[in-house]
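Okay, so subunit A shows up in both of these, paired with subunit B first and subunit C after.
Up next is the complex of A and B:
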């Protein structure tokens, strides 16, 4: 009688499982590609690949009720299958060395991708020429920051992630002498200027930026190019009751969005006026409680680094007479007080800077002739990636390629020199 | 007598076609206007130096999908419609637009678009063919068209329907046309030479007036208004972003006519190139052949000292355009394929040999074109979808020819001419998108990755196709003939093996025959071997692509449609190998799966580009999608055929069951 364990092992080392998993993987990748047409890359990825189980498909505007294994499930099972087969069938013989190499390589690739998926994170560093930054910002997530100056050069900062705000309700945060009640939260929103002399409705609240700006909710965006900019209406409640309602919005602190907004306004009414209007939006908001003044803002989540980068020059050149980009290039000064480093680095397409476990890639750029004409200061955005698993594809690729070549050559030579047995 | 005919007919046929091809290389002498010399003038467009001739041909391809212009499209072929060269057309657009505006140069297929533009339908008496229309016919409906275009531009490209795509395409065509009209002179210019002189005289007083106005002092209002009118006109020329035709005084930056005229304000003098072009335009408009030709010669002479390299490149590219290597090779491939097919019916050895000779000729032209293109661009063979088709076709022809060399039964000839024709016609249609030698975007501008990732992936695609087509051969031979059960002679087996799998294939096939395998078994061994090979290359190519992405964007894998397509090919090949190893499929299962590889590969190569999303989407038309579906259906048909019970296969019917 085979025990249950034996049977389980039997399943996990079987080729049949491999084949079924491969077939599902093909199906999943195909569906995940088609789904991008409607849902956009990011959502399709989240829905099909970074998922254990998929309940129901939406393809070409039609619903298909079906349950499929997601990318995580397939990947994990493949890994289990490979490792189990590896352990149980392992034999160190010249004949099998190719297979061992291939499978080891695939394991490294799979583990590496899983690690990348779980551990890597991408942030962005955005600066205009001459600006120095020692932090990078999340491209998607926001945080609500309360900071208070004690006057003695020390700043107390409390951060509340967007996720908590999205849940709504009241929250009491340590180190803050008040409670926050989220009255409204919009994952994506749009601001509109409450122009004087216009027929405006009543403001959302009478404090801070809401006096000159209205916000309205937008549907969540799904494309890669757009991002969700959250806005919330919060009430701050002190020990002795409400301190008032405020609007907090990503539009008021996210440099990328402010720049976009300014550009939009300046096309309608000129640069001067646009700057004037947006300054109403970016004006800091304060609340005073327990004898202290707290500044608060909803800004892209920051990650601070122990070094700084200064953008010296942003170059964007195009092929003459076209908009086809020829070169994007940021010359930056890297300064690290701890190590005493102070050097210039050039970051351009296909040539990132790897430093302190991070990789800096040239991502976006607002420079070159078009920028000059509008009088904007040249600026550059670097994609900052921390990916501890970045080396795994290189390793996996070498192992698999070597394994495939060995295995096929072995087979080939074996077959050619095979004796006629019959 | 008959023997001599049989022996010499094939080389003679090849010789005749070679003559035909070389005849096309020779440029016909210009009858009056020196259009060929005009076509060789270097300009900068699409970010690269190219001859006027390339601009003319690529523009016509975009506007009407042909490299020449038929002025009387309503006439049948036997009605001898008047056809003019691309350069002659471009000369008219840039220098005598009144004539060009009346020529039927815009191809409009979509019926809804025809209605929107209020275009006449087919009517021979009124000289309408219902397909090609002139600027003058379209112009009255431009306002309505603009509204519609603005609405559609807001729709994401993946969600547009056929009509909406047609509108967007028409908009591109109209913009291109206006762009060309503003290349040498403003599109509405009556007397360009006169205008230029007026402007040059006005510059000193005009600049003074502008400065005075800015400083709030008194100025001559008449001069100012006159001067600003000029400036506005030149500015308007620039907004259409016409080609850059004015060579730099020093440095490397060519300029547009409009820009160069605005620059003239600084030193008060108009660039001599603008004036020479104006002389050409004036002479051309009035039909003054002598002065036009003289102006072209003069202009070339001024370029010789500083722009010898550009002139040479332009001349070479004109030669390449004239050669049309891929189009001509395609024509010869068709002819060869037909001969090879006929040779099957009457089993004529002469016809088969003729086909082989013709393929050899076409192959030489194909290769020459490939090398010429690489030299012109200074790049590895594959830089875009267009060149990938040419390259894959080239590789397939080599394989087919080797097969034919050893096997001498017409199969190799049909395979190579068939794939050669197919890939070149695909390339021909891809060329309709415009310049096929466009500059590489910043991220693609690396010969290292183009030479490694792109070549590896393309090889992976090609070998998956080879396995698939071999599978089709197996199914067709098995179901309809008794060939599969025959045993090959070791020589033939070697040749066959070499064709499909190189040296390794030859060794395997020879050994397989020596072991007593029949032909069917040998094919399936080959298919298996090629799938192994395809797995290696598609895997390495795909991972290299990931590493390239990691180098440039910081993400190894992004689930981009093209990446996914490549991944599916890898997974499919791996799946087949595991099915085989697990004994879940045998000979016929392997063959059917290999044919399935054709579907998977065509999806990755073209299908994903039709989704209109992702980093690798190059834009594609709806009609291509129809062809893809047809191809997929045909492959499913072969798989179905391959799944018939063995007793319905002629090869396995009677005597020995395998």
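Up next is the complex of A and C:
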């Protein structure tokens, strides 16, 4: 009589499981691809691929009540199936070496993909000429930060991810002498300037940026071209009661969005007025508690690096007599105080900077003649990618290819020698 | 076979571990509150002979008076850094250099901390009392800190010196800082003190530091001909310009703002103005049209309303003349409001002022 363990082993090593899992994987890719139309790339990835189980589908405007295995479950089971079969059928013979190599390659591909998904991240470094940055920012996620002078030459930063704010309710954080109550949270929002000559309603709060700006919720955007800019109404409660209500918004600290807003206002009212208006949106907000001053803002999530980059020159050249871009190029100075490194690097198309486990690609640029004419300072955006598993697809593919060639050669040599003996 | 079974058991355990690990990975780290310490911005990038003040660039207030000064000979203006409102370089014949910067920060009263931060930059131990000298800054009394390093900090060869003058005014602490090689900065001290004396604050608040006053275009061309007796004042939030009039008869103010399109329309704005005088809003268009007069202005007609009531802020009787000028897809709002005798006296000057506008210079 077979034990439960034997049965389980039987299932895990069976080819039937492989076929079923492959069928589910095909189905998932099909559903995930269709879902991108309505839900956008990131939402579809999160809902179908970065999931263990999928509860219900939304396709073509209809809800389908069904439970399906998600990308994580299919991938993990495939890996378990492959490893189990590999070990169970393992034979140390020259004849099988091709098969072993192919299996090893596929295992590396699966594990590498999982590692990439879990460990990689993409951020952006945005700077104008002459500006130095030692951090990069998330293009999609925001954080509420409270920074305070810690007495030395540095400041203490307490970072609360946007996802915690979205949950609402009260938060008591060890390093802050107050409680934060999230009264409203909008995943996506829009600011509007409280012009004195317009019929304004009462402000959302009477502190900080809310005096000059109203915010309203917007539907969550799902396209790749737009981004969700969150806004929240928070109350800060000290030991002796409420310290006040404040609006916090990604619009107040996201350089890309501020730039877009300023451009919009300057088209309506001129550059000077636009600068004046946006300065009221970006004015820092402070709260004083326990004898300390805390500056707070909702900003794109930052990742600090132990080195800094200074944008020396942003070049956007075009083919003579046309507007066709010829070259986007950022000349940066890399400074690392820990290692004493101080050198200039050029980053351009297909020539990224690889440094400290990160890859800096040229991503966006606002430079060249058109920028000069509008009086804007030339600026550049680098995409900063960290992917510790970047080598695995190459390694996996090499192993699979080597395995296929070996397997084929064995059969070919065997076939030829058989023919010769005949 | 037993070995295979053992391996399978091990591997299924491994698979389970992997599954659990990946579950844990996906669940942790991304949604946690983090606490970390970072250098104040700009400091890491500052070259060793430029000691930046505590960068709290984000703490810079949006509304600052404009700064004026007499540039000492040998000083050269430099491009402004992120938080500086003025920046200079000084070089002597021997190639010695010093850097001068003016930085406004919200007044925090943490003077000793700041001094200790500069002492730390000079590799000096912290002090409990800040030694100061008195200097004149913009006709007011300010403090001067003179801190010199004991060891060679510049290129490992020269000692460094930092002169910081501080003036707290209207919730803002102004820092005037000279840094450079010890002997050179010491030789420039008298010039630096003279420079501090020459500082003047021009009250043009809400305009970002460095930009031109609102009544002038970027190239300095005037938009209006300002009548005598009108004093330009810092415009309140979102006003384009403001003037105050004060004489023996009382006081009044002229507010000017502009907005794209119709800016809410004449009736809505007239009702807003009526609200400021404690008057009830007008709902009937016919009734309202009787209250509106018009005046010729360049490229069109301006509409005028004239109301008398009680200033809702001061509780005193007041008169308000509002003029709305549509201009190239924009609407300009002019408001003369104040004591009735002053408004009556200034009415003609106000209208001429509006007619004198050259909106091309406002861009």
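Some observations on this one:
One rule holds for everything that comes next: the second predicted complex is superposed on the first by the 393 of 422 C-alpha atoms of A that agree within 3 Å, B and C clash if a C-alpha of one lies under 4 Å from a C-alpha of the other, contacts with A are read in each partner's own complex, and residues count from 1 in each chain.
One rule holds for everything that comes next: a contact is a pair of C-beta atoms (placed from the backbone, for glycine too) under 8 Å apart; a residue touches a chain by one contact, two chains touch by 3 or more.
Because the structure is predicted, anything quoted here is derived from the model rather than measured.
By the touch criterion defined above, A:156 lies against subunit C but remains apart from subunit B after alignment on the C-alpha atoms of chain A. Of the two partner chains, neither subunit B nor subunit C is touched by A:312.
By the touch criterion defined above, A:272 reaches subunit C but does not reach subunit B. Residue contacts after overlaying the shared chain place A:104 against neither subunit B nor subunit C. Of the two partner chains, subunit C is the only one touched by A:134; subunit B is not. Judged by the touch definition given at the top, the superposed model places A:293 against subunit C, while subunit B stays out of reach.
When the two structures are aligned on the shared chain, A:19 is found in touch with subunit B, with no touch to subunit C. Shared contact residues of subunit A, touching subunit B in one structure and subunit C in the other, are absent.
Contacts from subunit A toward subunit C in the complex involve residues 5, 8-9, 12-13, 50, 52, 72, 76, 79-80, 83-84, 87-88, 90, 114, 118-119, 130-132, 134-135, 149-161, 163-164, 173-175, 193, 195-199, 211-212, 268-270, 272-273, 275-277, 279-280, 282-284, 286, 293, 295, 297, 304, 308, 310, 335, 337. Taken together, the subunit B residues at the contact with subunit A in this complex read 44-48, 156, 158-159, 241, 243-244, 253-254, 256, 438-439, 441-443, 445-446, 449, 504, 507-508, 511, 514-516, 529, 532-533, 535-536, 539-540, 543-544, 546-548, 550-561, 564-565, 567-568, 571-572, 574-575, 578-579, 581-582, 584, 608, 611-614.
For subunit A in complex with subunit B, the touching residues are 15-16, 18-19, 22-23, 25-26, 29-30, 32-34, 36-37, 41, 44-45, 49, 109, 113, 116, 122, 223, 318-322, 324-328, 348-352, 359, 361, 363, 383, 385, 387, 390, 393-394, 396-397, 400-401, 404-405, 408, 411-412, 415-416, 418, 420, 422. Residues 4-5, 7-9, 11-12, 14-15, 18-19, 22-23, 25-26, 30-40, 42-45, 54, 56, 58-59, 61-63, 79, 82, 106, 108, 110, 113, 117, 120-121, 206-208, 211-212, 214, 218, 237-240, 257-260, 263-264, 268-269, 272, 330-331, 333, 362-363 of subunit C touch subunit A in their complex.
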